[in-house]
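Letters A, B and C name the chains as they come in the text, with residue numbers starting at 1 for each one.
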Amino acid sequence: MLPRYRRSLLISLAFLGGLAALDLILFPAGQVGVILLSGLYQGMLFFLVAAGLSIVFGLLDVLNMAQGSFFMLGAYLGFAVYGALPEGTPVTWRFLAALVAATVGGGLLGALVERSLIRPLYARPIFQIVLTLGLATVANEIVRAIYGPAGLIPITPPAALDTTISVLGGRFETYRLFIIGMGATLMALTLLLLHRTRLGIIIRAGVEDREMVEALGVPIGRVFTLTFALGCAIAALGGITAAPYIGAYPAMGDAFLLNAIIVVVLGGMSSFEGTAVASILVGLARASAEQVSLEYLGSPLLATVSILLIMILVLLVRPSGLFGSETS
Amino acid sequence: MSGPMADSRRRGLWSPGALLAGLALLAAPFLVAGFLGEGATFRMAAAAMICAEGYTPFVGAALGTWLLLGMAVLGARRVAGANGPLTALRNHGARLWILYLLLITPFLLAWATDSSACIRGKAFFWQSVFIETFILAILAASYNLMFGFSGVLSFGHAAFFGLGAYGVGLLMKHAGMDLVPAMVITIVASAVLGLMVSGIALRVHGLYFAIFTLAMAEILHLLAANRIFVDLTGAEDGFTFAVPDWINAASNRMTFYYLSLGLLILTFAVIYRLIYSPSGRVLAAVRDNEQRAQMLGFNTFTYKTLAIVLAGALGTMAGILRGLLNKGASPNVLGVGFTVDPLLMTIIGGTGTFDGPIVGAFLLRLAEQLLRDTVVSLGPWQVNIGERWALLLGVLFIASVLIFPKGIIGSLRFRSKLSASREDETM
Amino acid sequence: MSALLEVQGLHTYIGQYHILQGVDLTVPEGSVTVLLGRNGAGKTTTLRSILGLWKPQRGRIRFDGRDIQGLQTHAIARLGIGYVPEHRAIFRQLTVEENLKVAERSKGDLQARQAFLFKLFPDLQKQYHWPAGQLSGGQQQMLAIARALVPENRLLLIDEPSEGLAPVIIEQLMEALRSLSASTTVLLVEQNFRVASLLAERYTIIEDGRSVHQGRMEDLLREQDLIQRYLGAA
């Protein structure tokens, strides 16, 4: 990793070590294993929403308050395709088709939204955010109108993902491991995309100075659309990945959006690396706080409150976040 | 805004003469109704009288007075350079008409629905719709003070609203306080919260500030909904509390109606006064270009603090009214809905205008009520407007952001400015 | 020499401010033309208007015989205009190589030009994989110029290349620019009058958003009162 990240990484590692030590003092080892895995699992889900949030914010300066809705739409789209396949299709195929359909559908929808709704407002950035807020309402209400306010019955994943394994004496569902794997894979793929492809280099250049990118002859509008679509596709894939475990319901994106915003702020609004690291940190912090809170208060209150407070603290002390550059 | 014009407007709204005229305006229908009402004494409050003797003479008198008012306004328009009440009439003519209409609305409702204004029935129900509208209008106007007039985007205005409902309720229920001290303490608490928030605005700007306010409101929401405090707050179900009889909306709804209308007028006046003051001009400069305002030597932070604290206090006042109206509070008053709704009303009505948020609140709340049971066929689908209200609002919202960024009032005003300038050219 | 770039009656507003109020400008093919004028006269705005980074309200911009006002910025750039903005505006988080890659208009542009660029700016070769933010000011300026040279541009718009650089570095830079000007047309904005006079063959003076004077540099050097009046320099 490049030297300028060294300090950020050290801080992150210290934070991680502190969390793990705290857990080890408070809980038996087997439980700590499960806490850490469950933190990782939550963190990966946050990442899947936060990834798009961060890239889109970095490049387009739009905080997409509808990112959670794409997460939710991905789940519903996947469920619909899963159910629509003809009788006798093997579960594995159904499941894969659901993943692909959600990703592609989310991406196309994202491209459409950027072209038709976001693009006319680049001169009025505050109204873009306000508009995405309205978009989130509309998406939730449309789903409510079609599928009703209650959630859908979760789809069945392939058998291997539908069981539990033993982790340091505690039980852990394989499906959550699948979610962790999916998150890690997407994290790696996105990093590769950003650093090894021309599109990625242009995106990173645009995060710094999109006007200059355009002045060099890059049709930045097309890059905006692609990037927005990419962010939405990742969120939609996240939604269908999560839904077999957490269910699909109209408000499912809202909680993840809040957590994703926390992640993005913590990582430094426009730093993708920061978002990746921060999502794991937030997941682990949340899982630990949840356990502590359940143990001592008998309620998961601290889980969200603690990370919200951490975020407020970061906003106050270092608004550029863990990985953001100071000069922005 | 040029100096002399702003000055005359201010004088128009605040001079003793204007206040007297306003009072006379308020009293006129009661007086007239009192004379017509066969020996009803002066002391008899209008509400009691209407309840006892029916509304017909009152409505007649009210309409008559309205006509007189209209003529007065028209007359005032012709007298240039007038001071005192005439100026108020000239500058606020349309507003005064609408205000007057709102003053007699309870009776008009009773007349139109042929039911009593004082006991359970159609008119009584519609009064509560109007009360809710006034509350939302206060909330939206307070939001607009931050967002529209000062350029501060907040995603956490619900925190102030919820603070109002919870504050007054908890103090009255658990601290055994009377209404007025409970209200005062709640407002003070809101001012403290406002100061904290603006302290943070010093360090955290723009979008980051919006995210901060979102987090703040969310924390309050989580605390209110949590089972740990169930004895205090009733957790997710919320709690109810007793209110003094005179303000109990179940029995004295008309009092509540006038109280909330009065507070809406107060809100309007406070914001109007602030925006047409020198501080208001600085706020406009801050909104347009904060750095430039700083370079001109203004401590922009002070002015932002003023706007945030005042907007917070007014939002809290709306929350107090909401708590008193429902005689209870539940976590949804702290939810994101009470941030999005005022934002929506502000944008649809007209960001950064005095009347926009209020018009937005009226339009949305009344339309929701009127269209509640309407079913529209759209091709193969039967759409129940009431059930799909949130969806319609969202679409309307997006459309107005895209197509009418100035909102209803802004677009109207823009058009009248255009025609005015055309008149100038022809002259 | 025919005119590669011709600007007529350019008017540009930024917000409510009427910045350019009639700029005429001719850049003959193969020449180096410099825009002179005091701070805030509208030189940078002229460059940005040509590229469409500010949209001019009125006026005509012809590049290579073709009207380009109103085109999108990237389309204008793709006609063969390279831009080196003031304050360098390199991508600090990207490596030198990535900075150059962004400027590619088709695959292989960079590869084809690499040797040429390295010869022009040997420093860039040494620090090819460094994040550009860690380069010195002079190297960053070289990178910014190199970036504009990745595609084969016919016109370079260079804004204040010598700003904030040490005299030694300025000499190096001038050397490079002079060798460039043999093959490329350049429209330069330069506050440093000595640098401008050594590089440019033609000049246009901009005052309060209007072009007030233009001609050949060697003629300008003889008119001390003109220099005094518009540029306040001798």
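Here is the rule we use: a contact is a pair of C-beta atoms (placed from the backbone, for glycine too) under 8 Å apart; a residue touches a chain by one contact, two chains touch by 3 or more.
This structure is a prediction, so every number in the text was calculated from the model and none was measured.
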{"item": "Chain centroid nearest the full-protein CA centroid", "value": "A"}
{"item": "Greatest separation from chain B - chain, by CA centre", "value": "C"}
{"item": "Higher-contact pair (C-beta pairs counted), A-C versus A-B", "value": "A-B"}
{"item": "Centre distance in Å when chain B and chain C are each reduced to the mean of their C-alpha atoms", "value": "55"}
{"item": "Rounded Å distance, chain A centre to chain C centre (Cα mean)", "value": "43"}
{"item": "Where chain A and chain B are represented by their mean Cα positions, the distance between them in whole Å", "value": "38"}
{"item": "Residues of chain C that touch chain A when the two form their complex", "value": "51, 53, 72-75, 77-78, 83, 85, 89, 91-94, 98-99, 101-105, 131, 147-148, 151"}
{"item": "Interface residues, chain B side, partner chain A - complex", "value": "153, 200, 203-204, 207-208, 210-212, 214-216, 218-219, 222-223, 226-228, 336, 340, 343-344, 347, 387-388, 390-391, 393-395, 397-398, 401-402, 405"}
{"item": "Complex contact set, residues of chain A against chain C", "value": "2, 4, 198, 201-202, 204-205, 207-209, 211-221, 325"}
{"item": "Chain B-facing residues of chain A, complex", "value": "63, 117, 120-121, 124, 126-127, 129-131, 133-135, 137-138, 141-142, 144-145, 254, 258, 261-262, 265, 269, 297-299, 301, 304-305, 308-309, 311-312, 315-316, 319"}
